[in-house]
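A quick write-up on the structure given underneath.
Order of writing sets the chain letters: A, B, C and D. Residues in each chain are counted from 1.
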Amino acid sequence: MTNTQVTLLQIDNYGPWTVTPEPRREADLQTLQSRLYADVSQFVGARDGYVFFTRFDNMVGVTNGLDIDDHRLLQESINNRYPVTVSLGIATGQTPIQALSDATALIQDAGSAQDADRRNVLDGRIVDDAHRTESDVQIAHFDVVDATGEYTDELNAFDSFIEIEQGYAELMRYMRSAHDSLSFFVGGDNIIAVCPTLDRAAYEDAIDHVESAVGVELRVGVGRGNTAHVAGMDAKHALEHCRATGSILDLAWE
Amino acid sequence: MTNTQVTLLQIDNYGPWTVTPEPRREADLQTLQSRLYADVSQFVGARDGYVFFTRFDNMVGVTNGLDIDDHRLLQESINNRYPVTVSLGIATGQTPIQALSDATALIQDAGSAQDADRRNVLDGRIVDDAHRTESDVQIAHFDVVDATGEYTDELNAFDSFIEIEQGYAELMRYMRSAHDSLSFFVGGDNIIAVCPTLDRAAYEDAIDHVESAVGVELRVGVGRGNTAHVAGMDAKHALEHCRATGSILDLAWE
Amino acid sequence: MTNTQVTLLQIDNYGPWTVTPEPRREADLQTLQSRLYADVSQFVGARDGYVFFTRFDNMVGVTNGLDIDDHRLLQESINNRYPVTVSLGIATGQTPIQALSDATALIQDAGSAQDADRRNVLDGRIVDDAHRTESDVQIAHFDVVDATGEYTDELNAFDSFIEIEQGYAELMRYMRSAHDSLSFFVGGDNIIAVCPTLDRAAYEDAIDHVESAVGVELRVGVGRGNTAHVAGMDAKHALEHCRATGSILDLAWE
Amino acid sequence: MTNTQVTLLQIDNYGPWTVTPEPRREADLQTLQSRLYADVSQFVGARDGYVFFTRFDNMVGVTNGLDIDDHRLLQESINNRYPVTVSLGIATGQTPIQALSDATALIQDAGSAQDADRRNVLDGRIVDDAHRTESDVQIAHFDVVDATGEYTDELNAFDSFIEIEQGYAELMRYMRSAHDSLSFFVGGDNIIAVCPTLDRAAYEDAIDHVESAVGVELRVGVGRGNTAHVAGMDAKHALEHCRATGSILDLAWE
């Protein structure tokens, strides 16, 4: 049974900051956001977690293995190096969506995302070391079958992007509603889903759904582990196995 | 009449690199991609262009004001500091989609995105200084009406993201097919569209379409200029005007 | 008794790389070096170590608290994100200079700094958890008395820099030969020395020596701890105490 | 005759900021400083200037080719992305030291480096396009003869560093007093000097002085150009010529 630890990172009062006193240069905002994400990704990744950029002002992490002190240090380090502060909500749950809901509530309860007085919230709970198991995290790594041959080398770059994006939009919505999973586009033609304990049929269902809904053909490798990195690396190897064999689904543990 | 200069940046042979000899740590790939994007954004932004992260391995820039030497320097600097190389296609056109199609073709004609021998392509043409005008670039800056109150402070972070994302997916597709525009999610609840010479009715049409299709209420400020930055800053101010007055559409030049 | 764990990081074959096939742009080399240093500093700092930029192609870390796997992960992450690789030698000793000598020997024994075939060396030993103590690391944080009033606000920026630099050059040499310590300029008017178990008289001696040799007046706060961060933060507070009281020497534990 | 345009960048009120309300983590300060330097180096370098990190809170740039608007944009971009602000003084002169003195005075006249109310100073003058020439900037690129064989591969990393550092300390002081030049350590065993119109005898004199004073054997390539990059790249090629021929001095224009 999965027991996913999810962290929501929200930049405090970011919207108002971007236009105060005047709208700031877009290139600077893009640079700030993507570098903040890169830093959070390095910090969490060096402790075997995953972080997804999501909306950039709201990032979602799978943080099994990080304790509250780790989160406090991340918050302090951002404080020391950026012109913005961040709030962190941490929760655990048998489904990723439940954990994220609880993590979100911790931040919402402390004030609005556009409340100038709500800064540096740090609240939540982690999976204690004593309760951590090898099946806490289940990661599914999807990509688009022959994306380069079908899209990148054939269509203009925006129409390729539309295809990938529509596949992603459909998958994210379906995996959320049908399978309590959180799916994130991670660049190229790759989507990573953080899942509860799903079986083969669930992934086949999702792949079928996306193909019939928007015509994008996906395949997926799935892994499990006590951290996102361990689960995710197994998922990557499983996906490599798909590429080598032509199958569309590989579960690392089968 | 717009005359948009578009640059397609494509990381050479990136997919294979990410899994050679073994799949690389996801956190490192995310860090590499987002920092590369940040650097490109700073370089182009310091010359008053915009760059969108798109799929990260394929980025799209609006580069009016940058010449071929600027592009060559960007390519050389990436070569000097990253473990990957990039190819650049540059084209101009009366619609952004036409320019991007031509820019894409320049890179595709030189080889596949997964061709190990195709590296450092630099090809294309710019808008000569003599032909540049104040209406070359038209930028529309959209956001979601009351995204914080409706979504961020109310729903869990993933369901908020789904709402924003579905609005974006619908807008990107519609603006592409109906209005020859390129729309990019830029974080938070913001979408920036690079447009041909569209009028008030076109934006009203797009906003209506997204609301009726997926129930997400957008508003937009639109600006024009000889660069993306000038047009985009006018669009930002126009959007601020919407926020102040409660309107859903403001054209900076009217 | 101190038991300092020192890591030497050396960029592999860097000199030849900087001029192959042609000399690379200096601004890119500077950017590469300083960002690599920043990344190493974040990685090690998030585990409560210190890293000094030294010559940039050779960096020195105080890494009590990091194990071999941490070092391997750092090396892998650099491999994944930079166009250069690094070798790491790790050693422990009752004096920092002895530890660094041993760490250096591990890398030198594997090949020359300009040997194209010597890459990604990782060798050495750490202080086992069972043997770690609160006095393993002793850090002295020096600054120049009234550097702003005497130099920065009075002299041109280069002559201010010469004064600071001559003070540093004298201190680094004297602390090395007389007190087996490693001293590093860390910006502004700050110098951090990694020391064996030195007493009050040793620091007074060093301060006197620098003032009589080059006329630069230093003061110092000193701390101890099981990591560089703990010792260094105590040293910073001790130095703040000097600033508040006008004294030139404060030992955090007295 | 050289006409060097020099920019002094000073972080506003940085010392107090680093200890308010409590001393900040050293690793974060090091990261902040080195990344700020990297960003400034990229910005200025992309316009063919050079920037030296100097004391990190005071950086020195050779900015021929950048106008006041470029400097304003750099300042604004730092404002948008960092928790600190910077002041910029710009001056020109027939010797680099005179230009830097004038640039320093512009900032000093506006207030102390530790004045909380002095922020974002931007003052000075540039070399007008009409007066720019191919001999405006003269750059000398020094390195240590056989540094790898003599030091890096033989001594421990700190004793190697002491040798390089003592060579640098002596050269910086001598080139300043005897030849009105600004010399900066740039990593490895490399020193770059920004010079007035010096001839062969001056460089021979400086090399002889350093060898007799501290026993460090230097060689140097020298270039001229209308920007630091052009002059510096010529200097690099001249130094390569030294390496190839075994000479210790090469002037690119002879």
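Assume contacts are C-beta pairs under 8 Å (C-beta built on N, C-alpha and C of every residue); 3 or more make two chains touch, one makes a residue touch a chain.
In UniProt terms the chains read A, B, C, D = GTP cyclohydrolase III.
Since the structure is predicted, the reported quantities are computational estimates derived from the model, not experimental observations.
Common neighbours of chain B (GTP cyclohydrolase III) and chain D (GTP cyclohydrolase III) (chains touching each): A, C. Comparing chain pairs A-C and C-D by the number of C-beta pairs in contact, the larger count belongs to C-D. Greatest centre-to-centre distance from chain B (GTP cyclohydrolase III) is found for C, with centres as Cα means.
Although chain A (GTP cyclohydrolase III) and chain D (GTP cyclohydrolase III) carry the same sequence, what matters here is overlap: shared residue numbers make up over half of all numbers found at their interface.
Averaged C-alpha coordinates give centres for chain C (GTP cyclohydrolase III) and chain D (GTP cyclohydrolase III) that are 22 Å from one another.
Distance between chain centres (mean CA atoms), chain A (GTP cyclohydrolase III) to chain D (GTP cyclohydrolase III): 43 Å. Taking each chain's centre as the mean of its C-alpha atoms, chain A (GTP cyclohydrolase III) lies 37 Å from chain C (GTP cyclohydrolase III). Within chain D (GTP cyclohydrolase III), contacts with two or more other chains are made by residues 25, 27-29, 31, 35, 42, 45-46, 77.
Of all residues in chain D (GTP cyclohydrolase III), only 8, 10, 14-15, 18-19, 23, 25-31, 33-35, 37-38, 41-42, 44-46, 49-51, 53-58, 60, 97, 100-101, 103-105, 108, 112-114, 148, 152-162, 164-166, 169, 172-173, 176, 182, 186-189, 192, 229, 232-233, 236-237, 240 touch chain C (GTP cyclohydrolase III) in the complex they form.
Taken in their complex, chain C (GTP cyclohydrolase III) has these residues touching chain B (GTP cyclohydrolase III): 24-25, 27-29, 31-32, 35, 76-77, 80-83. Across the complex, chain C (GTP cyclohydrolase III) meets chain A (GTP cyclohydrolase III) through its residues 39, 42-43, 45-46, 73, 77.
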